[in-house]
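Chain naming follows the written order as A, B, C and D, and within any one chain the residues start at number 1.
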Amino acid sequence: MAKGFAVRREQVLGVAGLLLALVLPNLAVALGKPDLVTLGTQIAIYAIGAVSLDLLIGYTGLSSFGHAAFFGLGGYTVGILAFHAAGEPMFGVIPGATEAWIVWPLAIGVAGVAALAIGALSLRTEGVSFIMITLAFAEMFFFLFVSLKTYGGDDGLGFRRRNGLPGVAPRDDVAFYYVCVAALAAVLFGFSRLVGSRFGRVLQGIRQNPRRMGAIGLSTYPYKLAAFSIAGAGAGLAGALHANLLRFVSPDMLHWTMSGDFMIMVVLGGTGTLFGPVIGAAVMVLLQSWLAQWTEHWMIVMGPVLVLVVLFARRGILGLLR
Amino acid sequence: MTVLLEVRGLVRRFGGLIAANNLSFDVVEGELHALIGPNGAGKSTAIGLISGEQRPDAGRVRFDGADVTALPIAARVKAGMTRSFQITSVLPDFTALENVALVYQVRAGHSFRFWRPAAGERALLEPAGAMLARIGLGGRADVPARDLAHGEQRQLELAMALATGAKLLLLDEPMAGLGTAESQAMTDILAGLKGHTTILLVEHDMDAVFALADRITVLVYGQAIASGTPKAIRGDPAVRDAYLGEDA
Amino acid sequence: MTLTRRAALAAAATLAAPALVRAQGPALKIGMITTLSGPGGYLGQDIRDAFALAIESGAFGAAKIDLVVEDDGLKPAQAKQIANRFIKTDGIKLFTGVVFSNILEAVAPDILEEGGLYVSPNAGPSSLAGKNCHRNYFVVSWQNDSLHESAGQNATALGYKKMYLLAPNYPAGKDAITGFKRFFKGEIVGEGYTRLDQTDYAPEMAQIRAANPEAVFQFHPGGLGIAFLRQYQQAGLVGKIPMVLAAPSLDATTLAAVGDIALGMDVTSHWNTDLDTAANKAFVAGFMKKFNRVPTYYASQGYDTALAMAAGLKGGASVEAIRGALLKADFSSVRGKFRFGANQHPVQDWYGLRVERAPDGKLALVTKGKILSDHGDAYAAQCKI
Amino acid sequence: MTLLLEQMLNGLQFGVMLFLLAAGLTLVFGVMGLINLAHSSLYMIGAFGAAWAGSRGVAFPLALLAGAGSAALTGLVIEVVVLKRLYARDHMDQVLATFGMILFFNEAMAMLFGRQPLMAAVPGFLSGSVELIPRVPYPIYRLAIIAVGIAVAGLLYYLISHTRAGMLVRAGATHREMVRALGVDIGLLTSGVFALGAALAGLAGAMTGPLLSVQVGMGDRILITTFVVIVVGGIGSVRGALAGSLLVGMVDTLARAFLPGVLKSVMVATEADAIGAGLSSMAIFILMAAVLLIRPRGLFPSHG
């Protein structure tokens, strides 16, 4: 009974969210705040990253503190390919690319493979060690990109136009917004299938009781690694879209506070839920934007809000709604 | 009478503490073999070593004719042994049916299937439902495990262990924390399993042990000091010394 | 200090103003995207405060100016959001404020493509100075390289023959070393790269001592520089091996934090508190009176940026008209001589300063002489506007 | 040769500096199972406290005390108000809540003291240098840091293994319920341990202030290095923290000092400098990965 109710809630929420997302550009014009479209794009992009992190935190029970690494790698794949498309090929052989159908899958792949490598090492540990080792690996990538002068290092790397998509004008912000919303919808749909599948069942079993999973004959490591890699790939997609939104990538995408922000979005919205991370991303982006307009000391508000959420709203905003 | 499990000379140290000290005993196919001993005798360590959660510093474990000492847990489960835990250990957010279905899923091979909803797979749900019925939880299949009574959770755990298709069940205090009635129900279930499945039982409830066991091995300070039928153990002077000496 | 972010600073005028501007009616909005939070926040604060001071002291004449300030948190994404809102929702056309190059490279294209005008009070990255220069993009401060070119020239002028160079391993650090080398004529006996997250410089001190140079040039802005100087002193190198610095490594703020250690060090800058011009005297006095602290060179740049924009506004109301007037640089810069080069970056003089004890016992940067005259930058030649 | 010796001394000194920071972090984790990101804030508060006291003309040892004390006091407050409720929570909740605290403290300090770095001077009696290695002057202040680090290590060893409180600390880590059942006020114990950890962080901040830059956010960067230290050493083990600190300090220092030189023998000098710097910044992460490959729980895993 309770379960059926929850499922219906999620569906209602999903449909309502989708409707809101679809009319947002019109709404923005009506309200005289056209910048809301960009804000919405940003929310959709962060939501993709947060949803993918929730696969680890909420479903597999892995508290990764290095999600920004894959977000950044996805972004830099776009940036670096654009850089080489406009100039010399990479190492003199690999040509650049600007078409979305080449670049985006590549960004997803690069992030996924990197996650596979980092996960292979990190997943040898658990608990706090896992939190810290993922953090440390992300930090390592951060410094790598800071020191890469060819790609702008600390100053970042800008490029002139967004990746080409058939039928989408590169300068059209509203069109790009819809692309991001569509990507989010696809990710959410894929995600809901994934967590209900055999694979998803195993992940949820690992989260609830890894020892028990061992006792019924499952070696948890390959499943955790696969989840880590899939989540990394998801963050890679988010990073690629983010790079396209800004037409700019910089090491701050890989900064450890970005990993913290993704974690906050997941927990704020509600771990282990489909729409929780989306709500978390929306609240986070809007809160930051509004607080920052109100005072430069916005962190003095944001910090305690975070503490209060952890203390008193353990199941996030979605948990409060239930 | 074939020997299913052969434990030989297991040693396991934790710092200065010796939890298994040259431990040796056999479990014969089809029997219910109980492992008893005072607190801290190393019973749980023995289960841990046999199931593969812990690695011995010395000694061997042979199972079903093969040396499994170096095998990881999952491989031992595939070979046909599984364990339950002293502390209730189920998947609390899943229903009883989902708990057992997951065991059949794992048994069916790898789970790298990313798309089809597992909730609709009859190949998993049907045997799971049957197993729940067999263990007496047929009417509680759709209740989340966290909402089951303590005794029911222990039953569910047993159902999960059985669902692995194990030839040997390693049961670590299945009656711990159960009331009298629940204990009796569990004793009945275990009695019903006798003959179908070989069981190595660690248990503090001596009434249950002596009612159920075909043979008993007594552990003291990580060593097997006696092994035999309940009757023989009752009369063994070393056992009396260990227990009464401890208690006195 | 009250620090509301959207400090709308409207300045009413007392002076008679050109009719064209007065006819405009509502206040003209200038968008200032700057870094106010985090460790680098004091740079943005100085720029904002000095800009506001310029408005208050009537630099814009009768034109009503609404300075809309927002903190970018040193995050490019956040800066983009703000720029986007300023352009689309608030309809702002005139922008300034960005402190750091990475933020500027993220937001400048957006502003310029939407037909806005940007006047930089600080960052002047090479990527926007050469072939990617833009007719609506002005830099009032300096092209990044100039800071270090002047230091190289200074080291040559001071007669050093063997130098050891040290900078963090990131592009600005590498640019610093390249810029220095471009104007230094002596021998480089060693070169080291530190890390941005480094806190302990003991290994570098040992390497410097082992290399035994005549002097050291190091580029470590802000807190890094403070740590470096303190450890330089404790390693017993202060007084033994002199140091030549560029302005970002030792400004008025970091000088206050390191204290006597810095005594006698050579710094180069395009501006100093003691420059003898009427505009500068008014600015320094006004700033110290209002904010009770010594202005940094960031503050001077914020002030000059306001003056430059005010001069531009005299040209008319359209971006094109403002641009035309701005290009003439018809204002009394606190630095004295000032004009824009072909790439709309400054052509200006650079001075050698030394840390000395002022009569009141406090430490101060004292101007010792001119090092470079009418110095532009190497990228202007590639710029076609 | 003397350069190598000197750099090894530098490595030791950096290691001791890291130990001061890691000791408190790992102690709190070992006893309460709490992972406290805001440890870096306590470090910052210690540095600000000492610098502020110093600027008011307070003698250096007292300024140190002020730094450690202000950190301990802050620690006590956040322990009682917030962190007590988090001991039983999972680590991610702890990470998030303490991340929130970092934001809060950074901004609070900025509002109190401004964003400009603070002045913090080395006291007269500790300035200057001695020639430990002939013709290589070594700063006395750095030697003082080594001395304080050794003193702290000794004190912790004594506290944990030879006092009643230490016994409770050891017991509390493994059998919290049991200790409670024996009538020990576990709340008092955790508060005490947390205050001690905070005081150590504050002491580290106060001691390193005159070497570094006392400013908002100063602890955030070094926090990550500290994490590497305690992961390498084995989380929760003070002994491990000591071993990890020295190892990380040494590896980091020697890599920075000599890697570019080694690379220069195989490639162009300017390239070698930049690549060497890049590689050396990864050295400690590579070390951590290697340690975890061989010993997933660190060099000295704590019990339980």
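Everything below uses one rule, namely that a contact is a pair of C-beta atoms (placed from the backbone, for glycine too) under 8 Å apart; a residue touches a chain by one contact, two chains touch by 3 or more.
Since we're looking at a predicted model, the values are computed, not measured.
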- Query: Among the chains, which is located farthest from subunit B on the basis of C-alpha centroids?
  - Reply: C
- Task: Round to the nearest whole Å and give the separation of the Cα centres of subunit C and subunit D.
- Result: 35
- Note on the structure: Distance between the CA centroids of subunit B and subunit C (whole Å) is 73
- Query: What whole-number Å value describes the gap between the mean CA coordinates of subunit A and subunit D?
  - Reply: 32
- Go ahead and note the Å separation of the Cα centroids belonging to subunit B and subunit D. 46
- Item | Interface hub residues of subunit C, defined as touching at least two other chains | 37, 41, 169, 174, 195, 197
- Note on the structure: Residue ranges of subunit A touching at least 2 other chains are 143, 147, 149, 297, 299
- Which word fits the touch map of the chains here: line, ring, star, complete or other? other
- Message: Taking the top-of-page definition of touch, could you list the pairs of chains it picks out?
- Response: A-B, A-C, A-D, C-D
- Task: Using the touch rule from the top, collect the residues of subunit A that touch subunit C in their complex.
- Result: 32-35, 38-39, 42, 143, 146-147, 149, 152-156, 158, 160, 242, 245-248, 250, 252, 288-289, 292-299
- Message: Residue numbers of subunit A touching subunit B in their complex, please.
- Response: 193-194, 196-202, 204-205, 208-209, 211-219, 223, 226
- Contact footprint of subunit A on subunit B as seen in their complex: 51, 53, 72-74, 77-78, 82-85, 89-94, 98, 102-103, 105-107, 111-119, 121, 160-161, 163-164
- Could you please specify the touching residues of subunit C with respect to subunit D in the complex? 37-42, 45, 169, 174, 191-195, 197-200, 202-204, 206-207, 209-210, 222-227, 230-231, 233-236, 253-254, 256-259
- Touching subunit A in the complex: which residues of subunit D? 29, 35, 82, 85-86, 89-93, 95-97, 99-108, 110-111, 224, 227-228, 230-231, 235, 274, 277-278, 281-282, 285, 288-289, 292-293, 296-298
